[in-house]
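Each structure below is given as structure tokens.
Shared between the two complexes below is chain A, which has chain B as its partner in the first and chain C in the second.
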Partner chain A sequence: MTGLSIRDARKSFGATEVLKGVSIDVADGEFTVIVGPSGCGKSTLLRSVAGLEELTSGHIVIGDRDVTDLAPSERGIAMVFQSYALYPHLSVYENMAFGLRIAKADKDAIDTAVRRAATILNIEALLERKPAALSGGQRQRVAIGRAIVRQPQIFLFDEPLSNLDADLRVRMRYEFAELHRKLGTTTLYVTHDQVEAMTLADRIVLLRDGRIEQTGSPRELYERPANIFVAQFLGTPRMNIVAATAAEDGRAALANGLRIALPPLAKPLAVGTPLSIGIRPDDIAIGEAPDALTFSIRFIERLGGLATVHLGGREGDVMLACQLRDDGRFDEGDRIHATFPPALLHLFDADDQRLGKIGE
Partner chain B sequence: MILRRWSVTLLAALVALLTIAPLLWMVSVSLMARGEAAQFPPPLWPASPTLENYRELFGNFGVGRFLFNSILVSTLATALALLFTIPAGYAFAKLRFKGRDAIFRMLIAALVVPGQIGMLPLFLELKAMGLVNSYAGALVPWLAGIFGIFLVRQYCLSIPDEMLEAARIDGATETQILRRIVLPILTPIIVTLALYVFLSSWNDFMWPLIILADQQLYTLPVALAANSRQNVQDYEIMMAGAVVTTLPVLILFLALQRYYLSGLLTGSVKG
Partner chain C sequence: MTAAGRAGEARAGWAMSSPALAAILLFFVLPALASLALSFTDFDIYALADIGNLRFVGFENYERLTQNPLFWKAMTNTLIFVAVGTPFIVAMSLFAAMLVNSRWLKWRPIWRVALFAPYVTTLVATAVVWRYLLHTRYGLLNYLLSFFGVPPVDWLGSPTASLPAILIFVGWKTFGYNMIIFLAALQTVPRELDETARIDGAGWFARLRHVTLPAIAPTLLLVSVLTVAGMFQLFAEPYVMTQGGPAQSTVTILYFMYEEGFKWWNLGSGAAVAFLLFLCILAVTLVQLTLAKRSGAI
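So, the complex of A and B:
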């Protein structure tokens, strides 16, 4: 097995630059998820690795081979498409055998490879069927089977779960993780869904507008987002961001005059410096406390066990989302006390970049 | 409700009868004795059915030769048309090359020019190439019909790119993709196109009349027309000739009708 290295990849379509210098190193056997909003270039990046798009400049190295100029079939990759892209006139067996047949592999070798993949994916019973007779989840499995049969060095997945319903998506997510544990093949997985990214990835690459915003383990990105975009992209509901200015005694003044305590920063801020304070909806502490601020509840989204409570400040200029256990204690219009534990705050400068806390 | 369904069936049957009546009478007359159909009022059935007209047709008139010419020209026309039209339509739909859309727009624009206008220039061209009065000359207009290219292209557009990319990743060359992935998917439209070209070239009268001077090379419609000038009064022989002309394509069409219809329908539903 082998790692993958993308070096300063750039790609333009006409005058539009879609990839603006992307470098990623995927270690051998690692499950890397490229995530980002639509139009960020993540699919183009994946297609470039597959060889379906030609990079304007930059290199793609698989193992120790520079594959930048090689045809897709020579790169040692297999790809699973969002639409599955099964061959409709061929049986499941022939769909999975197609690549080996093209490579003129030995009949027995083909049979062994196809049956092995079918066993891994639990689709032995479907081998004689045509794709039209399969459900969405089964088609997805066949598409993955076709990839496994090729015994690739790298698996490429292009939004493979987007076409499935929510229930199946959760199950297939689990199966992807299971499959990766079983096969241990280096994997590059593209999605716009942050939940898939958080649950599947060893490492997340967050892409925006053709550039990498941050790379790291899901935990790293969640706990120490490099900027406001990353902070708000991961986690639902989104992180609350409130504009403030640095005040005396390690505090910050919000726009409406309220003051809250800040965590100790690696580089202390001069009084009056503008900054943004971020806090995740489940980090807000509710209840009486010496430091507590008073809010009124504007709106409650009840999700069953949990509720997202939208809080308004005194003058209504600060809106915060707060995630609580829904035990019927709260109602719209109620007044509520909230504290912001300094250790759980995220601070960003005027350019939206993270301000390091002491110890980070 | 039942009444309405029956009335629809009855109406359809009536229309079908009106359509098929001339064909039936054609067969009937072809089996009549010489001069029988010229009586007034013309009889519906032959008094004593005879194959004399067919004997005359295949014997003295030598229709076997023309039948052979027609089968040869139409079969070759169909094969060549498929050979050139399918790859062209596929390329216009799925391959990236410079000027693709501009060339395609030009082709489509050329569709509005009636074929008859092109006949004289085409004739002169073929004359220069020395193809006048040959089977090859009769085949040329069928080689790459714009309508066929258009048909194949439109159908190819409905094939998702990802499927072709999957095949590319699987290591298939462009020719293998065309042969092993695209062609099987195109089957209905290929049958439709083949039938269309075969029927059109089989029934074509104008072009073979212009390009073929030698009687030995005549296709059925041209030969029958030439014959009708000589035997104006012989309805029975004429009808026997018409049967020989119509029957093969009728059988072909009925045999392939299922695919033909599914081709037309798929195109429209997916389009």
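So, the complex of A and C:
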């Protein structure tokens, strides 16, 4: 098994710089997910690792080999595409055997490798079928099987679940996790879906505009987002961000004059410093409390067990989303008391960067 | 839908397609049948003057054709054009399309236009240019060949070189059309398929064989059928360049038909040639379709 190291990768298409110096180290056997909004450069990065795009500058090292200038087939990688990219005129067996046949591997060795991969993915019964006769999920499995047969050092996945329906996506997500546990191969996985990133990754790399915003475990990114972009990208509904200024007694004043208590910060703020306060919708506590603020319910999105309740401030200039158990207690127009537990608040400075709390 | 509704819909369908069907019937089916009927008569210049001179002669036209050495010469020449020209032109078109489709080629629209231009240029004008290119003493082709130590070839004057010369001219003139069709097909081949094959270690030829050709197989068949039909009906090129010569080495079946019909005014015999040509094209096309079906292309 082998790790992967991307060093200061830059890529331009004409005058457009898509990757602006990305460095990532993926440890041996690690499942790393690159996530980010459309156009952030995540697919370009993956394709550069595969050798399908040439970097403008920078290096890609797999194991201890610099593969920057090697052909895709010489890099020891296997890639699974969103569109599966199965050869339509070949059977499932032939699709999976294709790479080894090109490499002129021994017939028995090919057969063993294909059947082993088919067993792992539970597709033995499909081997004689053509891709057109398979469902989306089956095709995806064959595409993964084809990758396994190559016994790569690194697996590359480019939005592999995006073409599947919601139900199947959940199931395949579980299978991906299961597969990674079984094979332990170093994996680089690209997605725009934060749920996939949170559930699959050992480590998440969050990209925006060709730059890394933050790298870390899903928990780290969720609990200590480095900036407002990361804070709002992960988690649904997204984190509430409210503009405020630092006030006396470790409190902050919201735009409408309301005051809330802040957690103790590593570097205390001078009174009057502008800041942004973030709180996740499920961290807002509802109910009577000495320092509770009063809001009115503007709108409720009922999701079954849970409901997203949109709260408006007194003067209507603060809007917050709050996630609650939907037990029928609330209705639109009701007044509601909410508290913001200081320990659960995230604070950001005027440049949107995180202000560290004591102990972080 | 009720039975009456269905009948109404069918009536509307027939009404809307009838103008097109009428045109096909009038300008295609009727003349074809008339020509078939004509091939069993001795329709000639005398019958043109007075239809009373027209006689039914049964298969006599066909019998006479089989005894005419020039007919067989024309047939052989045409089959050579079909057998050699089709693969030559299809390969050339596909190669040009792949070239124009490749990502590293710059100014692709200009290349597309340049390569398509011969197809839309007037045949007679280009034939004049090609006569110069193929000229024994001053021609560019012989000049280029001289670098490889090849002595000057009398392209249009030698019975052995004239057919290849016409073939080169026809290929140059027509490949642009096929190229555009191939280009459209190539642009529908998913890029990921090619990339997967590259990751699998497939070289250029393996990718062509395993990815590109299977993906464009239906188009390949279409272009082959069109090219075969075009080769069978080769007429203008030898007519302009060599008038069938030298020593009838470039007489094609259509050129022979033209001479029978409009030089010697044996229109009945010409019609018989046309019908035989139709049978040839039909037979070869059926063979192509069968082969394509068997190989799973369609």
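Keep this in mind: the second predicted complex is superposed on the first by the 360 of 360 C-alpha atoms of A that agree within 3 Å, B and C clash if a C-alpha of one lies under 4 Å from a C-alpha of the other, contacts with A are read in each partner's own complex, and residues count from 1 in each chain.
What we mean here is this: a contact is a pair of C-beta atoms (placed from the backbone, for glycine too) under 8 Å apart; a residue touches a chain by one contact, two chains touch by 3 or more.
Quick caveat, the model's predicted, so the values are computed rather than measured.
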Chain C versus chain B on the shared chain A, clash or fit after superposition: clash
First (chain B), second (chain C), both or neither touched by A:I358: neither
Which superposed partner A:L303 touches (first chain B, second chain C, both, neither): neither
Touching partner for A:A27 - first (chain B), second (chain C), both, neither: neither
Partner chain(s) touched by A:I102 [first = chain B, second = chain C, both, neither]: both
Overlap of chain C and chain B interfaces on chain A (superposed complexes): 50-52, 71-73, 77-79, 81, 83, 85, 87-89, 98-99, 102-103, 146, 150
Touching residues on chain A, where the partner in the complex is chain B: 50-52, 71-73, 77-79, 81-83, 85-89, 98-99, 102-103, 146, 150
Interface residues, chain A side, partner chain C - complex: 50-52, 71-73, 77-79, 81, 83, 85, 87-90, 98-99, 102-103, 146, 150
Contact footprint of chain A on chain B as seen in their complex: 160, 162-163, 165-172, 176, 180-181, 184-185
Residue ranges of chain C touching chain A (in the complex, touch as defined): 190, 192-193, 195-202, 206, 210-211, 214-215, 217, 296
